[in-house]
Structure formats: structure tokens, C-alpha cells
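Following are the structures in question.
One chain, chain A, links the two complexes that follow: it is found with chain B in the first and with chain C in the second.
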Partner chain A sequence: MTRRVFALGTGRLAVGILVFIGLLAVLGPYLAPHDPLASSTTTLAGSSWKHWLGTDYLGRDVSSRLLAGSRTSVLGSVEVALVALVVGVVPGLLSVYLGRVFEWTSLRLADTLIALPFLVFAVAVTALLGNGITQAMLVVGVLVSPLFFRVSRAATLAVARSQYVEAALISGASIGWVVRRHVWVKVLPAIAVALAQTIGVGFIVVSSLSFLGIGVQPPAPTWGGLLASDLNYLHFQPYAPIAPAALIMATVWGCNLLADAIRDVSGENGRALVNTRKARANGARLLPVESRTG
Partner chain B sequence: MTLSATLGYAPSRPSFGLIRVRRAVTRTAFTLGRSIAIFVPVFLLGTFVTFALRSISGLSPARITLGEDATPEAVHRIEHHWGLDRPFLSQYWSWFDDVLHGNLGRSWSNGADVSRLIGDGLAISLSVATLALVIGIVFGFGLGTLAAVRRTTWIDRTITAVLTVFAVMPPFVVGIVLVGVFAVGLNWFPSAGYVPFAAGASPWFAHLLLPALALSFDTVADVARQLRAGLIGAYQENYVTGAVVRGLSDRRIFFRHVLRNGAGPALTVLGLKFPALIGGSVVTEWIFGLQGFGRFANDSAQAGDVPSVQGVLVVSIVLVVTFNLVVNIVLGKVTPASQRGV
Partner chain C sequence: MSTDNPVLTVTDLEVHYGARRRRRQALNGVSLEVGRGEVVGLIGETGSGKSTFARAVLGLVPFSRGQVLIDGEDVTGHSQRKWRELRRRGVIQYVFQDPLRSLDPDATIEDSLVEPLLIRGDSRADAVARIRPLLSRVHLDDELLPRLPGELSGGQRQRVAVARALVTEPALIILDEPVSALDSANRVGVLEILKELRSAEVSLVFISHDLGSVAGVADRIAVMYQGQLVENGPARDVITAPQHVYTRLLIGSAPTLRSAAANRSERAALRALLHA
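Moving on to the complex of A and B:
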């Protein structure tokens, strides 16, 4: 499947963007030409050879802050996706097999979590439980996990009712074998799509939180925090928000592209694509009914 | 649609009309019942988690009013005053009872009634969210329909490209761009603040438009893309080919067959967008200096004002569930197939 993603132009572009952002996160703090926390007397300067992107209201080098701030945002969004994956996928698989009580409870729980506006909740929980980005992302990850729950459940339901799985069960295969052999293969692309999507969502949430100054201590640079300070000095530096905004948008775009590319190569053709999309949108809402009939 | 058909047939075929009315009522009641069955456990669990937040956080009103270096006696007196020395479940029960009566308690910071504080903010936030929703529906459905009807032409490609850009712009980025262009650069709109409707409709609208636009980008993009996909899918169905063969007009095919069957996913997405609008208000109200619900949530969370935060969470759960209920009923009316559990 990896090879087929790379065969698509959008797939290569997506991977390229994400690798670039990933490298920024790993190497950014070392590449920064200046100390991101060192202030100077040249405040709110335009771009120059010494300061590529100018300086902020305390005279700190913006390009260094941008490079140094990449790690928090990227790590945070990956954490959201991994937490959601761990919390969501296994109950999604089990909800098909473990009987009606577990099925009903897990579906209600997924409904509860999805009903919570997660930015409000992330703000509330982070501020109340201590000012750390890790706690914040843990909460957001749990709140986003219904996406994985639904995706893995829908894929499992579809496979579990197919004729070849019935045939395998009749000829004596165990459910564990069926899950490993048949279900897992079908669930995996769906999970990969959801993973790319959640990293994008997580990235927006981390940036929003750091924009509000929640989850990071003030002098530490983040992309969201850079935007927040740019907003106050928009009169003096109208073009300052472009660089951090472009990086945030590029990251989210890369995630969306990757999700689309994986979806494209795992669906059979354009027609199937439209129908699965439709089925997913209906399925998301109708899962309670589905559980009653099946 | 059902109603007009009923009225049209009622004089000549009374029994048929009656059955249709009864069916429509039953369907709505069924949706309502199912949504309430979902709402009750969601509400119970949500409020319980919300209430448990205080115990987990270990925050106390004494820290806000007395500061860090208070004597243990003073702390105890204040905690007793707020009823925090009682057992957890009894505290939960009295709080829950108050919530059911619409009383969300008093703020730790200033002792004001949380319900009233939230109510004040909610008027602003709901105006912004409603405007954002209207923009999202109008432009989302407009662009999505245009792209689907003119599919595979340059119009479709342009719209898709614009929507891709819209989809990757978080509300705070859109907000900063809007402030930079329209408030600072062109000076067309005020950059921050709020004017109540009583002070005049046009300044009120001018203060709401930019925040609403900032919130709506995401909704426009998602609704339009889902609608485009749904409509193109519906255009490929056999009944549309059948309608073309029977010589029905394009307009009739679109409104009677394609739109009703293809709009389901877009409406579902619209229902799921409401939490995002409430969540986004936390950020947009900070940018545009609105003293709304989101700003209140942010301020009280940062101040450690637990009753206010609990009130915010309870109100947002109720809002989201109510909105989903409305969307489900509309969905049942517009696309009957979605109710059959296909």
C-alpha cells in the first residue's frame, strides 16, 4: 500500500510536506541561527540578512523562534493521534464481537465523547489540571478517539458479514484468526486515513491552545504563540503572521492530502469512493440503529 | 413537501392524506425518542465527569479569594461555606439537582450567578455561531451544488481548490487574516468589540461579521465538499438515468431526485460542525475581543474558577445535543432513506 501511495502525485507531495515538517521538529532547535529567547534592542524589525524574518516586540529573532517552536506543535499532534488510536481501535473491533452489552455501552460512550466540543474541553481540563501540553493532548486524544472507534467498527462490521468470513467461520476458524487474517487487512487502511486526519485535527488543537497561551509556559516559542503576539502588533508588522500561518496550514494540508491519498488507493475506483464516503457519513449517524438490527 | 402534498390531496383523498400526516408525526416522534434515549446517558456521564473535575484538579475557592498563604482555618471556613467538606456524591447530587433546575451555582472569583454570566455571553456567541452557520449553509450549499452541477469543468476545479485552502485554515489563522486585511489594512470593519442589537442593526452586524466569517470557513469547506460528493454520487444512480430517459426537466431531476438523496452527508456534517463552532468561539472571541461564551470559558478556566467551567461544559453539552436533534429531524424529513438504516 505504501508503494501505491507513492505512485500518486498527491501522495508524494503529502509525504514530502510531512517529512519536511518532521525534520523541522527534529532539527529545528539546532538549526536556529539565534537564541530564540534572547531579546535585543532592535524590536519589530523587518526582515534582514541578520534576522531573516525580522524580530518581534522584544527584539527576539522570529525565524529562530519559528524553528525552535516546531517541536511542541508536532509532538503534541502526534500524541493526540496515538492516544486516539490506542483508545479507539480496540473497542471498535471488540464492539462487533463482544455482545450487546459492551456494544451498547461503547456506542453510548462514543456518542458522549463526540458530543463534547473538544476545544472547550481541552481548555477547561488543561487549565484546571495543570498547565502542561501533555495532559491537554491526552484529553484531546480521548475526545477524538470516537473517530477511530467508528472507523474500525464500520470496517469490522462490513467484513464480519461478508461471505468469505462466514465461510471461514463455518469451516472452523476462530474469531481471533478471522480478525488477524481478514478483518485487520480491511481495517488498516481506514485506520491510516483516520490517523492522518487526527494528526491534522490535533495540530489545529495544539496550535489553538498555544495561541491562547494554554499548555506552554510563556517565553517558550510555539507557532500558535507566535501568531498571538503577531496579532497585537499587526499595525506595525502586517506581514508577520504569514510565516507561522503558512507552516500551520502546510502541516494540516499535508495530513489531509495523505488521508485522501490513502483513501484513494484503498478504494477501488471513483464510484466506490463516493459511495463509501456516503456510507460512512450515513453510518456515522446510524450506528445505533445498525446495532439494533444486527 | 409532505405537508403541501397532503393539503393538495386532502379534499379528494382524505384517508391517504391522514395516513401521510400520521406517518410524518410518527417518524418525528421516533427520531425524538431515539435522540432523547441517547441524550440521557450522554448528559449523566458528561455531568459526572464535569463534576469530578473539581476533585481531580484539587482546586479550591480559598486559593482564589485568599491567595497562596492562607491559614488552614480560613481555608476550611471558606470550603465549608461552599459546601466542599461534604462527601463527593452528596455534593454531586445537590449540584446535579441545581443544574436540572437551571441553577449552575456561583462563580468562585466574584460570587456572581454562573447561569446569568453564561446567559450574557451566550447571546453574543450564539449570534456569531448562527451567522457563521448561515454563511456555512449558504456558501457551502451554493459552492457544493455549483461544483457538482458543473463537475469536471474549470468551475469545479476552482471551487475544489478554494475549498482545499479553506479546509486547512484554522479559525485563528482566518481571524488574523481578516483582522489584518479588513480591519487594519482597509479599515472597513472594527477589529474588536461588540455592540448590542439595541444600539442599531448595522454596527451590531459589523461587529459580528468578521468573527462569524472566521468561524465559518471550516464549515463552508466541509459542507461543500460533502455535498459535491453526495450530489455526484446521486447523479450516478439508476433512478436519475431513469428520470432523464423519461424526459424530466433538469430542474425537476435536481430538486426532486438528486438533492434530496445527495444532501444527507452534507447535513450530517453540518450537525457535527456545531461543536466545532462552539469550540472555535474560544479562539475567535479572544481575537475579536468579544465577551462571549468562549471567552468566558477561557477566562474562568485560566482563573481556576471551577463552577464557571462546569457550567460552561454543561451548557455546551446541552447545546450540541439539541442541535444534533434538530439536524436529525431535518434529515428525516429531507432524505427519507436515511431513516431506514440502510
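Moving on to the complex of A and C:
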């Protein structure tokens, strides 16, 4: 799978972008040239040698704030995605196999999560577990998990009734075997797409929650928070939102590209695609692959 | 081809589908014995209960009455776990009608072929070594191993399915309409392979709605009609001297190169007799 993703140009680009963002998250806080929280009298300055991206309304160095905020932003959205993945996918797969009681319970639970008012739930949980980015993202992750539950359940259902699964069962396969060998490959592309989407949503949520004082506390920088405060001073610095927006966009785009690449290379069509490209690169004359219904 | 140590003994099998008012009988007191190395053709029209019979024998459909012995083991009332143990030994295998749907489209031919062996607990290396000699038995090339089912022709796919059924060296293979989805050239190819298997130790139950494809392969032919076994005897006898009206109709309906229209009135008479 990994090799096939790298065989695609878009796959390499996606991994490149995500590695860059990952490096920013790890090294960003150390690379910041100034203290991201130190204010000065030079407010809303343009770009200069001292302040590459200028200063904000309190005179804080924007480039430092971007770099320092990268870790919180990336970790926050990754946490959302991972929590949603674990809380959603595992019951999604199991709901098909563990019998009617589990199926009914998990379905109703997913419905309940969808119906829960997001803010009330977030406030309640932070009141219970304490206010912090981890708790806030846990809440968001749990609330997004029905998406993963539904996606993985639908993909599993389609495979579970297939003849090749029945053939494996006739050979004495266990449910675990069927999931590992047959179901997982079919579910993965759908989950990858949902994961990429969730990471994008995570960025927006990290910043919108800090607005309400949940999660990241205001002086601490995040990409989403920078974008939000920049928007208030648009008439002084019309270019200011570009830098944080570009970083958010690059991350979401990288995730989406990767998800697309995974979807493209998984399954029969994906293999044919990669093989065709390889063959073309070798100068082969292509014969049409026999159609699946043939 | 002795029947004193049968591979499969089915006695008085009854299967019902549905519950309460929608309950209807799919199999009605079917008894059949398959000897070691014997090829039994099971013939009948759509809905006659052929596939239900196969699924009941494989433990995929519960039966309400009767007894099933597989290789001497009484599987009547087996739990899921006991069934899994029995299946893992690979004593009984099954070939589906449509190989495109019974082979995982994302798994290579090699993956599909070694799967029953891996489930049994063999190592990958052992399993791969075991499937190689099988390929020549079903007239397939080594080259196909890294391919996906979608990259093979229909005939090649069905031969892969037959090879997959053979990997565990089963005592019995049930083939459910194995050639019905194939064109005539591929059909002949697969039938040739089944004929060659007769010399091996394996018994076959060959399910088909088409008497023609079974006639050349089977030692014995059993005919099903409306959930009942109406005829069961040596292949030659069943074809040359059919006892039951339905069998006579079936033989009369088999298309020949000469126009089948000649005996249309005879078939009409038989049909009237059958429904009477």
C-alpha cells in the first residue's frame, strides 16, 4: 500500500506536505525568533527584517506566533481525528459481527452523539475533566466519531455478505481473520477520506473553541486563533490572514491529497492505475484489461 | 468407488426457510450417499433445492430434521465452533457458481489459493509450495499468481476456484453450478479438469441444472424436483432409462444440434403428466 501511494505523483506531494507540517509541529516552537507572547509598541507593523510577517494588534511577532502555535494546532487536530477513529471505527466494524444487541446499542449511541448539542456537551465535559486542549479535543473527537462509525459500518456491511467472505468461512476462517484479510482493505480508503476531512475540521474547531474560552487559552497562539484575530484588523493589514490561512490550507490539502491517493491505489482499479503508469513509463503498448464482468 | 466407507451420508434431510406463516419447505426428506472417489451429479431446475442441499451439508443453513455424516463424523447439531474445526481440517470444500464473486477482488490469485492453508495454520512458505503443483492440475500458469481475479478470464477464474478447493486435499468437494457462468469453450475446459479429478481420491458432488454438462463427468446422477430426490442411479441408467416423469422431461428438454422441435408434443405430454 505505502509503495503504491509513493508510485503516484500526488501521493508523494501529499506526503511531502504532511512531513513539512509535521516538522513545523515538532520544531516550530524552537525556531520562533521572538517570544510569541511578548507585546511591543510597534503594533500592526508590516513585514520587515526584524518581523518577517509583521506584528499583530498587540505588537507581537506574527512569524513567532505562527511557529509557536503550530504544535498546538497540529496536535489538536490530530487528536480529534485519532479519537474519532478509535471511538468510531472499532464499534463500526464490530457492529456487523457482534450480534443484534450490540448492533442496536451502538447504532442508537451513534444517533445520540449526532443529536447532542455540541457546545453544551463541550462545556459539560471541560467542567468535569478540567479545561485544556486535550479535554476539548477529546470532546470534539467523540462528537465526530459517528461519521467514522457510519462509514466503517457501511463499508463492512457491503463486504460481510459477499461470497468471498463466505468462501473464507467455509474454509474455517474466524471473524478476526475475515476482518483482517478481507474487510480492512475495503474499509481503509473510506476511513482515510473521513480522517483527512476530520483533521481539516479539527483546525477550525481548535480555533473556534478558543473563542469561547474552551481549550486553548487566549494568549497562547494557534493558527486558527491567529486567523480569527487577523480578521478583526483586516482594514489595517489586509494581507495578514494569508500566512495562517495558507498553513491551514496546506495541511488540509495535504490530508485530502493523501486520502485521494490511498483511495486511488487501493483495490483493483488502483493496482491497474499504477501498473498502467509503470507500463507506459516502460514504453509498453497497452491492451485493455479485461472487464470485471467478462 | 466403494460405498462401504462413504464420504457423505445424508439421511432424510429436511430444511425449512422462513418462520411461522411464511415457513416453507425447501428440502423434503432427501437421502443421498456419496462414496469415496465417486462423482455424483445433482440435477434439478431452479428452486428445486439443489443449492439448499449443498448449503445444509456445509452447515450454512440449519436443517430441521435428518442426519448428515461427513467423512464418518456426525455433524447434526454441531456448534459454530465445531463446524469451524471441521472446516479447518479441509475435509469438505465448496466451489461457487460465479468465481468473480467468490474470489476477493483485492487479493492476488496466490493470496486466494493459500488462504485455506493459512487458515488451517500452515506457514506462508509451506502454503505457497503446496499450491504450485496444483496449478498444473487445473491447467493454469505460474504467471497468474501475482494477478488479481479481475485480470483473468472467466474460465481461468473458475479453475482458480477449483484449485482453491483442492489445496487442503479434501475428501469431498461440492461444486454448485461450476460451469453455468462460463462460455462453451471454457465450460469444456473446466469439465475436462473435473473428469481428470475422478482419478484422484476426491469425491465430487456436481450440482447443475444442465444434464448435458453433468452426464459426461458423473458416475451417478441424482435428480431433484420440488425439494425431493426423485431419481438416483448410475449415470448411464438415468440417462438411457429414466424412471421418473420429471427426469424424462429433463432429458427430452436437453438441447441437441438436431432441432429439439421434433419432440415438442412428447415434452408437452410429459409436462402434463408431471403436473397431474
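In this section, the second predicted complex is superposed on the first by the 240 of 294 C-alpha atoms of A that agree within 3 Å, B and C clash if a C-alpha of one lies under 4 Å from a C-alpha of the other, contacts with A are read in each partner's own complex, and residues count from 1 in each chain.
We take it that a residue touches a chain if its C-beta (ideal position, glycine included) is under 8 Å from a C-beta of that chain, and two chains touch if they have at least 3 such contacts.
No experiment lies behind these values; they were computed from the predicted model shown.
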* Please indicate which partner A:Lys186 is in contact with in the superposed arrangement: first for chain B, second for chain C, both, or neither. => second
* Asked: Should A:Ser266 be classified as contacting the first partner (chain B), the second (chain C), both, or neither?
  -> second
* Per-residue contact with chain A, leading partner among chain C and chain B -> B
* Asked: Once the shared chain is lined up, is A:Tyr164 touching chain B (first), chain C (second), both, or neither of them?
  -> second
* Is A:Leu234 touching the first partner chain B, the second partner chain C, both, or neither of them? -> first
* With the two complexes superposed on chain A, say which partner A:Ala127 touches: chain B (first), chain C (second), both, or neither. => first
* To do: Scan A:Trp253 for contacts with chain B and chain C and give back first, second, both or neither.
  => first
* Looking at the overlay, what does A:Gly172 touch: chain B (first), chain C (second), both, or neither? -> second
* To do: Under the contact definition given at the top, report the residues of chain A touching chain B in one complex and chain C in the other.
  => 271, 289-290, 293
* In the complex, go through chain A and note every residue touching chain C. => 162-164, 166-174, 177, 181-182, 185-186, 266-268, 271-272, 289-290, 292-294
* To do: Flag every residue of chain B that touches chain A in the complex, lowest number first.
  => 34, 38, 41-42, 45-46, 53-54, 56-57, 59, 164-165, 167-173, 176-177, 179-180, 184-185, 226, 229-230, 232-233, 236, 264-265, 268-269, 271-272, 275-276, 278-280, 282-283, 286-287, 294, 297-298, 301-302, 304, 306, 309, 312-313, 316-317, 320-321, 324, 328, 331, 338, 341-342
* To do: Would you pull the chain A residues touching chain B in the complex into a rising list?
  => 108-109, 111-112, 114-121, 123-129, 200, 204, 207-208, 211-212, 214, 224, 227, 230-231, 234-235, 238, 241, 245, 248-250, 252-253, 256, 271, 274-275, 277-278, 281-282, 284-286, 288-290, 293
* To do: Spell out the residues on chain C that touch chain A in their complex, using ranges where they run on.
  => 58, 60, 84-90, 93-94, 96, 98, 100-107, 112, 115-116, 119-120, 148, 150-154, 164, 168
